[in-house]
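Just so it is clear, A, B and C label the chains in written order, and each chain counts residues from 1 on its own.
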Amino acid sequence: MTNAILEIPEARAPDVPVRRKKELRGGWSAAIWFLLPAMLGFGLFILYPALRGVYLSFTDWNLIANEGEWVGTDNYERLFGSDWNNVKHSLWVTFKYTMINIVSQTFFAIMLAVMMDRLTKSVFVRGVLLVPWLIPNVIVALLWVWMLDANLGVVNEFIGWFGIEPVRFFTDTGKVIPTIAGINTWRHMGYTALLIFAGLQTIPKGLYEAGALDGATEGQMFRNITLPLLRPILALVLVITVVGSLQVFDTVQVATGGFGNRPGGPVNASRVIYLYIYENAILFNDLGYAAAISILLVAILLLVTFLQLRLLRAGESDLA
Amino acid sequence: MKHQTMKALTLLLALVLLAAACGSDSDESSSTAAETGSESSEPADDSGDDAGSEASADAVTIEYWLWDGNQQPVYQECADDFTAANPNIDINITQFGWADYWDGVTTGFASGSGPDVFTDHLARYPEFVASGVLTPLNDLVERDNVDTTQYFPGLAELWVDAEGNRYGLPKDFDTIALVTNSDMLTEAGMSVDDLSNLEWNPTDGGSFGEMIIQLTIDENGVRGNEDGFDPENVAVHGLGLEGAFGAFGQTTFSSLAASTGFEMLDVNPFGDSANYDDPNLAATIQWYADWIDAGYIVAIEDVESLGGTTIFQNGSAAMMMDGSWKIGTYIGPENPFPVEFAPVPVGPSGQRASMFNGLADSINAASEHQEEAWQWVKYLGSSDCQDVMGAAAVVFPAIPSAADAAIAAREAAGVDVSAFTTHVEDGTTFLFAITDSAGQIEAIVGPAMQEILRGQATAAERLAQIDQEVDALLGS
Amino acid sequence: MTVTTADQIEAESFSEVSGRLEKNRKLSVGRAMAWIVLAIMLIITLFPLWWALRTGLSNNGALFAGDQSLGPAEFTTLNFERVLGQATEAEIFEATGRPNSGSFDFLQSLKVSLIVATVITAGQVLFSAMAAYAFARLTFKGRDKLFFLFLSGLMIPPIFILIPNLILMRELDWFNSYQGLIAPFFFMTPFAVFFLRQFFLGISKEVEEAALLDGAGNFRTFFGIIVPMSAAPIATISILTFVTAWNEYLWPLTVGRDPDRQPLTVALGNFTAQQPGTSPDWSGLMSATLLAALPILLIFFLFGRKVVDSIGFSGIK
């Protein structure tokens, strides 16, 4: 795929023999100046804490007292043993959330992107769709808790006009996860749509013309031209969205616990894995165990990402 | 054009950076001056847990944290008085919402950036004690001759752990009472007198139950005790619930459960066995679940998100049990109707019961100003400050004379709070269950209660199950 | 030197072509349906913001009594005044019964948010770009391995590194300071490095080679040629970084305990239950929410077209 945006109109003296440039390009002595700040940041704030986290997972670290002892694999044994039910439950909740979120977000994003591509190029529309993304997660959650409340919420008032009973969005065990997924979709669908929209621009228009001339319908063209050629972009979007969904936290914590309740309810129906980690670290004062669960989460993330990139053959593009 | 935009943006960024650098420098110095405490301009030395009593002659700022915004102005007044009397000690009060408060305290301890003094809670302090981050006050109390008998009986002992170390001086107490929507009471043809001698039992609800039924109205205007009552479409529930039950049910089930003779721990504080499998508790919780099903009590799902006060203020519940710290909410301008406070019903044991909770302030063992922190804590636990609190009548102070002032202030404003204070007078209080695993107990019991109230499990079965889990937790 | 921008792509875009092809197709049922759906999506997107505004202009008592009108319930500007610190305590108490509700220093929090987000953006973009250039263009031993290591940072959940980072802050005594709020994000994020590297890879080598022939060193080449040529992706990542930094919640929550150092996202936490069980101060909360979102909406409004185009044009492979 070409980045057609960066074209050089005039080449300069191409037949001057190349001489000194190799020495300037190679080796660490040149690269180090470019890399130093980033390496510093990475080492200090990502690598070192991560390694420390791994260490912590082999201890019984008491967060408040800020001390702990080596306990070997105790935490891991507990994770896969006595506490497995809780861990499994949280993983399952997270998985459910991710599935619902991905499906709904991708669906709406693609729909919006196609509409922006085919219906209207209006910057206003694109701008409006971006607005939710600008608002912090916390605020979005609070806003929707207020709007979706079973008693005071305007949404239930609205559906009451259609004669439907008020829906308990956050306090019905079966509805809380889809509701939170819906909130996140609302926040991200515009942004994701724009990413996909950009991807749509890279599809050579000639293909659509040819398709139209052959008498293909919009739907057929979408299935046979758009989707396959969007694969790299879709792959990127999916990877990022999945990784993000598996780590959902802010929204859940504020939406289910923002008013003095224990988050993750009701009956732990929304206790996503990240929340369980946080609970163990801060509420139960068991940082070692929380670290162990985190390692499990990292392993899962790596695995899922690897599988996704493989399955979606994200490195290739059907255009080439 | 792009090139110029880039230049412009870069310039803008540089300007902001410059402004930030200058701005933050001056802010830095001013804020560092203002907020010394455990984060003073001395080199960050974490081994600052000097139990010594060195009073520094220079100005010292004590960082004090609390969660109740309603009380903050009163504490500010106390702080101003305190600084007037102790000019070298300045108190910086910071308020965090309840949802954030304990996370902040925990991470504060963990990272060495915690407060010097903070409002502590009976459910939490044992954990802090176990981690060794609180300063024991015994020697200081003795040295300064602090009279620990000046408080309401029982309050001071709550803050002493199993080893006899004291970690706080009581500063207030709270109890539970029944709040009723006066308008609804009148419309049902009842009066305040009908509220004063209610009785309850888990079998048929007693006279309390009758009142609840009578106050319940379905969407067609049919009352709970009339023919044609539709439990599926209730407009007003006789009894509301303040929120999710949780493990201790302070404002929900604790009063009724205790009125059956139920006690949460075999020994309180710091018992090693819980009594969640007590049939009396099961009967109480099942009563709630059954009456929710019958439409007389508001569904638990409706109060778990925004809280039961919203439901009550919204007119969806006629009565509700709540704590004395909410008095201001119910008589304030945001409450759309007048209310009556009545004591909680008498139970099968022949007596009423109300959980008796009290807050105190604890000192961070890592604070670098132990002596000054103690002076502040001593002041907060003394009648100097508590009289101020009493006059403001936001909460009930722990010292009886100050509490009288609070009651009087309320009465002067036309509010009868005897429903709350009767328990103290009659000795019908029971203590908050103190353990060192409150967080984990909450995580075990809370969801179980939610299940029971949703009809997904029976109380007897489920509570027996969790009792085993909790016992395992406490015993270990 | 011309650089084809997203605008120009648009100019010769499909819609013009398809417009010509489909000019004769009248407003079909399909298109009408699509327009309706789009309109519904736009309403769904904007309605919550209207609702926040409406709630902020309402009176709490009226709200609790269940007023669901489309406009404000008992219109009042007191809530906004409260949040901006313009109302007296007496006024506040009279209206809400809460002595100090709404008393967080909005302007201070706004300033904190602004400073933190700007500094983070400046640093992160600059240093990530430099690193990205090194990965894309320079040759050195272990380059790809190092890049992969950076990339793996994307997989690490923030909670995992939160506590160790907190301890680091303590050791540096950077709590409640701008440095503490900024530090973890200032140098790079794996995403930024990845993103920019992809672009730099796509830049044709001839320009650089020409510059090097003229005697320019790596830095001159980078700042003089590459950066201006990459204005669009740099603008994109700057916006992404700024918005992300502006919306950061967990880290400032733990590091910025002092009200003087709380960005807007954290300061709003003051509104959620002051004590267990009180009904939240909805009108105050919603006013604060809107005011907190306002600065970024304003920036968006001013630079709207640019932002939209930048996001639209991410051109990632």
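Here is the rule we go by: contacts are C-beta pairs under 8 Å (C-beta built on N, C-alpha and C of every residue); 3 or more make two chains touch, one makes a residue touch a chain.
Being a predicted model, the structure only gives us computed values, none of them experimental.
Visitor: Touching chain B and chain C alike: which chains?
Guide: For chain B paired with chain C, the chains in contact with each are A, in label order.
Visitor: Could you see whether A-C or A-B has the larger number of C-beta contact pairs?
Guide: Between the chain pairs A-C and A-B, A-C carries more contacts.
Visitor: By CA centroid distance, what chain is farthest from chain C?
Guide: B
Visitor: How many angstrom lie between the CA centroids of chain A and chain B, rounded to a whole number?
Guide: Each chain's C-alpha centroid was found; their separation is 37 Å.
Visitor: Can you check how far apart chain A and chain C are, centre to centre, with Cα atoms defining each centre and the answer in Å?
Guide: Here the centre of chain C sits 15 Å away from the centre of chain A.
Visitor: Mind pulling the residue numbers of chain A that touch at least two other chains?
Guide: In chain A, the residues touching two or more other chains are 63, 66, 151-152, 258-260.
Visitor: If I count partner chains per residue in chain B, which residues reach a count of at least 2?
Guide: As it turns out, chain B has residues touching two or more other chains at 98-99, 103, 107, 110, 112, 243, 306-307, 310, 314.
Visitor: By residue number and range, which residues of chain C touch two or more other chains?
Guide: Residues 3, 5, 64, 66, 163, 167, 232, 269, 272-273, 275-277, 280 of chain C touch two or more partner chains.
Visitor: Which part of chain C faces chain B closely enough to touch in the complex?
Guide: 3, 5, 60-61, 64-66, 89, 94-101, 111, 114-115, 118-119, 121-122, 163, 166-167, 169-173, 175-178, 227-228, 231-232, 234-235, 238, 253-254, 257-261, 269-280, 306
Visitor: Taking the touch rule as given, give the residues of chain A at its contact with chain B in the complex, in rising order.
Guide: For chain A paired with chain B, touching residues are 62-66, 145, 149-152, 168, 170-173, 257-262, 265-268, 279, 282-285.
Visitor: What does chain B use to touch chain A in their complex?
Guide: Chain B residues touching chain A: 98-99, 102-103, 106-107, 109-110, 112, 127-128, 131-133, 243-244, 246, 300-302, 304-307, 310-311, 314, 316, 439-440, 442-443, 446-447, 450-451, 454, 456.
Visitor: Inside the complex, what are the residues of chain A that reach chain C?
Guide: Its residues touching chain C are 1-14, 16, 18-21, 24-28, 30-31, 33-35, 37-42, 44-50, 52-53, 56, 63, 66, 108, 111-112, 115, 117-121, 123, 125-139, 142-144, 146-147, 151-152, 154, 157, 186, 190-191, 194-195, 197-198, 201-202, 205, 208-209, 212, 218, 232-233, 236, 243, 247, 249-250, 254, 258-260, 274, 277-278, 281, 287, 290-291, 294-295, 297-298, 301-302, 305, 317.
Visitor: Using the touch definition up top, name the residues of chain C that touch chain A in the complex.
Guide: Within the complex, chain C touches chain A at residues 1-6, 9-10, 13-15, 17-18, 21, 30-31, 34-35, 37-38, 41-42, 44-46, 48-49, 51-52, 55, 63-64, 66, 68, 123, 126-128, 130-131, 133-134, 137-141, 143, 146, 149-150, 152-165, 167-168, 183-184, 186-188, 190, 193, 199, 202-204, 206-207, 209-210, 212-213, 215, 217-219, 222, 229, 232, 243, 246-247, 249-250, 264-265, 268-269, 272-273, 275-277, 280, 282, 285-286, 289, 292-293, 296-297, 300, 304-305, 307-309, 311-317.
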